[in-house]
């Protein structure tokens, strides 16, 4: 199948190094301490953060750092086939684990010992790159909840189809079976915290694809910064500052 | 009397015994007190073995089974290495590899008063003495010797702690000095603290020396005295 | 990698483990970039009792337990397709079994490959009975991704009858002892088991060519799987001190380190999967450096697996002859205490691999 036309356009009309439109909104769930929605093209994710609060299960309490928990779920209507997937299947437990560990790396957990932070992410629409969108949404929700963080962790995916590195894969490109790289990046520290890849790719090409994904992460980071600044300004305005 | 008791059980003394073996028949002994150590129990007139190991006898009347385990059963007077797992207002909770957590009262230090309670983080390694060990209650520890002096008890800083069997730690503490420590001590300088609960702490001048000492001790368990010396020589050659 | 161990580590140990790699040292005496001792065993040398033990520990209804036991016993009795890997103190066992099933509708000619992991509290007290820990949910997908997405096993050759029957290959990974770095050990065990696995040969017969005959191993020699390449998982551990990195972290190191990355590569330098699920952030150039290192390690491990498999195959062929009642007549010079060299002189190994039925010799066990 041809994923990049001779004119250099992808199936959805993007250039290989172009991202889908990203949109974010802070404060989508009124009850949560912090929440955000994040859209990357047709992928839409909502994240809610509760905490830091008292640890519910005392045996899990940590005396020197906060306990971070994460639950990832996919809404039944999020994909084309409306088969009801059992909650807590292998894939979603794995993604929950990945998101938890990624967020844990940027939250300053040692400042909140004996407490618990819950992150809930739900996929409302899935069109490739759900993992990345979830991490981006979770970062914004954590920022909204005012939880101390070292850096804004952002994520983006990239792939390699028809011998071309492609940024931010959509569902069709993702399910083509080609290499697929997801990167979680700490832009200020310039460090990679999440890095997942599958299928076969020589090392030097992987380097390029990863570089592309990192550039994507940086773009997301810039956008996120703007959204957060805008949000802060709005809060100031409401307080009449 | 003495000779009689030893004749009745010589067949098994210094021999390997397994659980169920009958060591002594009290009915054949006339009016003699004997002291039983670990691994033996009394069932009516029969003294039987409950742990696999080697039966030992010490004059005049002590019997015990010597064996090597990974788990430790606390006994009063044992010097052990413990790890602080929690800090409470009256006690430090210390893990000594036993069946239950041991308590170290915050005042059980030399000249300990309410004013000068030491500050230990979770994970601190301590060299302590078991002062109470009764089944059913948590063992109690102390950081002083019987006369209330700090002696060598207290916090162990830096270095490296590893776990071994209780049998190995007993061998290391035996006198005359066990060959592996003797051979190492002649060539290297290092500090060592051995707990009867199968924990050994080593601190040498450099990390590489510490690793050599730790590995030499761990390897020595299944070797004879001569083999231990040869092993130490070889190890030392590889680093020089 | 935040794992809640029941193991209490002292501050001394933490500090020592973190500082030792700075002077190119590790506790067991090897270098930060070296693997621990790796041994691979096959088939009959398995310890039967550990197996029964681990199976009986499984929670669930007694009936299922027995069923599970029977399954495992069946796997044990057949010597092909099972391996036991020991990496330092870590011990992992893998079994491969096959079954004829209906294929997925969208892939009518393709067989399936699935990986199941089994953690028993015997291996590590932090695993709870019946409930796989968080780490258990990560181990399966890492190996799965390395093997399946890179198409290491040719699943297309597993089709029997289009749309009706294909072979489903199942890999069961049992963790026997957790001495750290389960991923690499489990991956090696899975590969070794796949390489020695043989499925029964089956042919299409009947009037319409729709009838499937499965030939028992006594009649036709079972067939090995087609394996294109060996994806080797290499795990790195990162510590809060940026300058430190180790390969093949031990159990102690795992509880001190703050980040882990598993890179799955084959000997040709193709990256098949990478998993770095959060944790300590590292620079991009460090990741590239790791991949280069992993490439070298993958080459070493591939040759180790191949050597082990080759010697097992030779042994297996030899055993086949020994069992044969006519053997002493054919080779009068060969007694029961045969050495390999004698065989090498007298026997053409390619002939031995031909189905026994074709060789026209009666065969009994």
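When the chains are written out, they are named A, B and C in that same order, and each has its own residue count from 1.
One rule holds in what follows: a contact is a pair of C-beta atoms (placed from the backbone, for glycine too) under 8 Å apart; a residue touches a chain by one contact, two chains touch by 3 or more.
Computed from a predicted model, the values in this text were never measured in an experiment.
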item: Chain whose Cα centroid lies at the greatest distance from that of chain B; value: A
item: Innermost chain, taking as reference the mean of every protein Cα atom displayed; value: C
item: Gap in Å, rounded to a whole number, between the CA centres of chain C and chain A; value: 33
item: Computed distance of Cα centres, chain B from chain A, in Å; value: 53
item: Chain centre separation (chain B, chain C; CA means) in Å; value: 41
item: Touching residues on chain B, where the partner in the complex is chain C; value: 83, 85, 95, 121, 123-125, 156-161, 201, 206-208, 210-212, 214-215
item: Of chain C, residues touching chain B in the complex; value: 8-16, 19-20, 23, 25-29
item: Chain C to chain A touching residues, read off their complex; value: 1-2, 4, 134, 137-138, 140-141, 145, 149-151, 259, 261, 265-266, 269-284, 287-288, 291-292, 295
item: Contact set on chain A toward chain C in their complex; value: 60, 90-91, 93-94, 97-105, 177, 181, 184, 186, 189-203, 206-207, 210-211, 214
